[in-house]
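The following pair of complexes shares a single chain, subunit A, combined with subunit B in the former and subunit C in the latter.
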Partner chain A sequence: MNRSIEYLLRRLGFYALAAWVAITLNFLIPRMMPGDPAQIMFARFKGEMSPSAIAALRETFGITDAPIWQQYFTYLRHLLSGDMGVSVSNFPEPVVSVIATGLSWSIFLAGSALIISFILGTSLGALAAWRRGGLLDSIAPPLLALLGAFPYFWMAMLALFIFGFGLGWFPLWHAYPEGTSPGLNLPFILGAFYHAALPAATMIIASLGGWMLAMRNTMVGILGSDYITYARARGLAPRRVLIRYAARNALLPNITGFGMALGFVLGGALLTEIIFSYPGQGYLLIQAVRAQDYPLMQGLFLTITLAVLGANWLVDIVTLMLDPRTRR
Partner chain B sequence: MSLLQVENLMVDYLTPDGALRAVDGVSFELKRGEILGLVGESGSGKSTAAMAAMRILGPPALITGGEVLFDGRDVLRMSAEQLRRWHWREISIVMQSALNALNPVLTMQEHFLDTIAAHRPELSNAEMLTRAAELLKMVDIDPRHLNSYPHELSGGMRQRVVIALALTLNPPLLIMDEPTTALDVVVEREILKRVLQLQKEMGFAILFITHDLSLLLEFATRLGVLYAGRLVAIGPTEIFRQGGIHPYTQGLLQAVPQLRGKREAFKSIPGSPPSLKKPPNGCRFHPRCPLVEERCRKEQPVLKHVQHGHQVACHVRT
Partner chain C sequence: MNPALLFKQMLANRKARAGMIIFGLFVLVSLVGPWLVQDPTAFTAVPHQSPSWEHWFGTTGQGQDVFAQTIVGTRVTLAVGCATGFLVVLLGAVIGGIAGYLGGRTDDLLSLLINVFLVMPGLPLMVVLAAWLPPGPMTILSVLVLTGWAWNARVLRAQTLSLAQRDFVLAAKVSGESTLRIVTAEILPNMLSLMTSSFIGATIYAIGAQVGLEFLGLGDISKVTWGTNLYWASNDSALLLGSWWTFVPTGFCIALLGFGLTLINFGVDEIANPQLATESRWARKLKNRATADGSTPVVAGGVR
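The block that comes next holds the complex of A and B.
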């Protein structure tokens, strides 16, 4: 057990190193590009800005005349205290609070879609492999593969057009009804679920086939192994063989895929959020690019990088818990 | 009444190029407490026959004919639930590779508890644990290994655990399908010695499947020899010790090096076993047989009684 913790700490050290590299690149790249955020702001106000105001802005964005290494340490210090600067497009809101809002919507939408899709897909895959050649196994994989093969933006727009615009069953945009205030009140919570339903459904339909096929294929391999034959020969109940012997082992390789997907959840579902005008990370990113909002972009990139690294570490922990062969 | 009676068993493997008959009309019986050995080369159908008799073969294998009686009950007509209850309480198996027979994510303890709970759900957890520890001690493994995972044990230890698992419910019949093939000779001996001791104490019958004829000569009560899916000789071990009667058996015995007695060059049987896709006509051994006659190429020989309960399928010897 101690060696497992040692292993996890070593992995954490590796991820910390990777995070440092990402943070440093995040600092360097905008400084190597021409122009700076203050100039963009200046351009926006069409020259009606005094030089002292520009200087103050530059100060706010952390771009000073100080040597680059001093800027770097200031940047690190600000980052550690949770300060990623001020968003240009949402001026004067700080980047951290802009991202916090986007992040919570992304986690809510893409996170629940991922979890539902993963649980549903792997269960269907396990069942299809268990009754190989049966009804579920013959119908579901080709059908889901077909649905997954449609270009996602096309399918999502079609869904929005039919169920949102045509039939009027679902809202056309945003994450919660107008007139409700975010917080722990019933109209807001119900409204949030109502708004997330259609985009989440399109994401689930697009990804379900992948999870199902991956699980089905590993499961078919596992079902052919000796310990399944041996578990059956010992007179174990079929359900127990299915869950504890077959599915439990077949799940292991799919956990990695789940972890990767989890990392990208925090980056937001770009296409979904654009099509459904959903205010998550992906939507923010597009806005940031359009408005050349460098501080926000930087903050988003950093969040995505840290999220992927964090998700990887989570996978390390889960794998360690589920697969005794990885413990030493 | 015999414990296990297999009559004219036929097993086909369904391949894309058509059915392939792996076991072709094999019959044998096993009495309580005896050790029946089945020998044959790879692909002779010995494992398939045993697994078919236990009904643990899955697709693409299919039992296409014959009868299997266990203690008078028709095994081939048992329902899934009847099979589940029959397995392990009355018939258990030690499979070839113990490395792969254990679920890599479960501890030894979980393997034992799953097995006991499947058949004796009325037992308490503590009673099951006591039984599991007792079983491990029976095969000379320290009960602290109950908390070990399969990958933490050596090959020999894993094989012992699998044997202990097979004896969990005191079944009257134990099938051992090449139980020691993956182990080195020293470990093989130790484990076999222990199994034979346990067999004497507990009195279960063993159906022992191997390609190692010399091993069986030491302890089997009776022996059956399979060639290309057919039984070519069966009878008390004594006749085999004296050299056998069927030309294939004789060839096999001459291929066993002797430690004592006259120094002789051991011979091998020329050729290789036939393809089951296109087995030779008549006697399947005829292309390799030193005694081949015209009749052997056309007529399929049947098992005939020769002496002291020894039966062979050979035109020349009967």
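The block that comes next holds the complex of A and C.
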């Protein structure tokens, strides 16, 4: 058990290092660019924001006349107290609250897509391996390879064009119908599911192949092992061998994948959200870039990175609990 | 294996040959195409026209010829894609090679660097970097290299590590060969096929990511590339006006080019590991896709 704790702490140290690199990159990138970062950052808003607001922003980002290491510590101090500044394009809303709204939509859309895709993909993969060379096993892989050659966002555009614009089955943008107010009321909840359906479907189709093939390949390996042959020879029901003996063990690598995918859920499915104008993290990031809202942009990058790192550590813990071999 | 021999074997391999023909066609189009079509930026016709004899692929929302844009866009897209692929593998080989060959402290430090870059989410980093840098193909190129080298470095490090322990390398060391000669004459030739397939994989990744970034409006939108074509298509509300011809041809070109490159990689794979050639190649390739070139953005799992 001590070894596991040591292992987890070592991993935690690694993620802390990666987080520090991300935070430092976030600090350095604006300062490495030609010109005065504060000027670039707030140029667009000279007329719209009072000089005192700009001064406050400069202070938050540590872009002062102080020496660079002093700026760096100011920046770290603000970050640690959860202060990421004020969003310039949503002035005067603080960056943290803008991100919180985006985060909930991202978790709803990408989270449900991930869960459906994971369950569907792993089951199909297990079945394909069980009936190796069967219909499913021979049709799905080449089909998925063909789909994989197209850029994802292009397929999403096509789906929006055909099912949203052409056939009119799905709404063209936003996360809930106009005229409903967010909260626990039926029209809003139904509307939110309806709006998420098409974007989620494109994400599921795009990611299904990965889960399916990963599961299939591990299953094929496991089905060849001795204990499966023994279970079969004992005359156990094929269903029981498939689910309790083979699939259960083949699931491990996919769980690792699931954890990593979780990190990307928090980061929002960037391209999906942009094409479907879905107000999650990714959409916010691009809006921030287009509006030159640098404080929001930096805050989003940091949140996404930290989410990914956290999810990775979670995966380490779960794998350790599920797979006794890593404990040694 | 020397480069000439590998090329000869690739020509003899059915899949690699087909892939090289597709790739060659695109290279040809990118070289001579721009002289054969009209000016892609000229506002020549009525906007939003569907495909016709004068305009094979129709016109954009600003009355430009989509066929000309698709042809001319090939050049920059392909050039940036291949250059990125090359630089990513070069950087990966240098860093991964040094780490794998020297081992010890150097390896620990470089591996740490590689792992930090691997665990960082690529697409958001690309977007933030591209937003700060002045827009243009050079920016796209450097952003893609910076976010993409780590995967290749890890693969090439592992390969160097295993080669450095082989008997023939040890024999060369014992017989007093210089490090430079061991690396260039003993190790590199044995990594040629791996580096070739890494290059092709990196190019596929680079084309996809480049088109994605430009589609988001992070490229130089005054240049004609496949990505900016799609950016303008979405900006001119192609989706809402029903002008499918402004984005369908570009998508097919990207898919065809990617397919061609993947075919070459199948071929290289079969040449390098003849014993693997009997296993289902589609499945193996797709599995690699899902885990390996881990940076095609979007959703986790499949298209990560």
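Basically, the second predicted complex is superposed on the first by the 281 of 328 C-alpha atoms of A that agree within 3 Å, B and C clash if a C-alpha of one lies under 4 Å from a C-alpha of the other, contacts with A are read in each partner's own complex, and residues count from 1 in each chain.
Quick note on the criterion: a residue touches a chain if its C-beta (ideal position, glycine included) is under 8 Å from a C-beta of that chain, and two chains touch if they have at least 3 such contacts.
Owing to the predicted nature of the structure, the values given are computational and were not obtained by experimental measurement.
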item: When subunit B and subunit C are modelled together on subunit A, clash or fit; value: fit
item: Partner chain in contact with A:D323 - subunit B first, subunit C second, else both or neither; value: first
item: Touched partner set for A:G257, first subunit B, second subunit C, both or neither; value: second
item: More subunit A residues in contact - subunit B or subunit C; value: C
item: Subunit B versus subunit C as contact partner of A:L270, first or second or both or neither; value: second
item: A:L208 touches, of subunit B and subunit C: first, second, both or neither?; value: second
item: Subunit B versus subunit C as contact partner of A:Y7, first or second or both or neither; value: neither
item: Touched partner set for A:F165, first subunit B, second subunit C, both or neither; value: second
item: Touched partner set for A:F188, first subunit B, second subunit C, both or neither; value: neither
item: Geometry of the superposed three-chain model: angle at subunit A (Cα centres of subunit B and subunit C, steps of 10 degrees); value: 80
item: Smallest separation of CA atoms, subunit C relative to subunit B, angstrom; value: 10
item: Residues of subunit A that lie at the interface with subunit B and also at the interface with subunit C; value: none
item: Parts of subunit C lying in touch with subunit A, wherever the complex brings them together; value: 112, 115-116, 119-121, 123-125, 127-129, 131-133, 208, 211-212, 215-218, 230, 234, 239-240, 242, 244, 247-248, 250-251, 254-256, 258-259, 262, 280, 282-283, 285-287, 289-291, 296-304
item: Touching residues on subunit A, where the partner in the complex is subunit B; value: 225-227, 229-238, 240, 244-245, 248-249, 252, 322-325
item: Complex interface listing, subunit A residues touching subunit C; value: 14-15, 17-18, 21-22, 25-26, 29-30, 33, 40, 110, 113-114, 117-118, 121, 141-142, 144-146, 148-155, 157-158, 160-161, 164-166, 172, 203, 206-211, 213-214, 216-217, 257, 260-265, 267, 269-272, 274-275, 285-286, 289-290, 294, 297-298, 300-301, 304-305, 308-309, 312
item: Contact set on subunit B toward subunit A in their complex; value: 54, 56, 58, 80, 83-89, 92-93, 95-97, 100-107, 114-115, 118-119, 149, 151, 162, 165
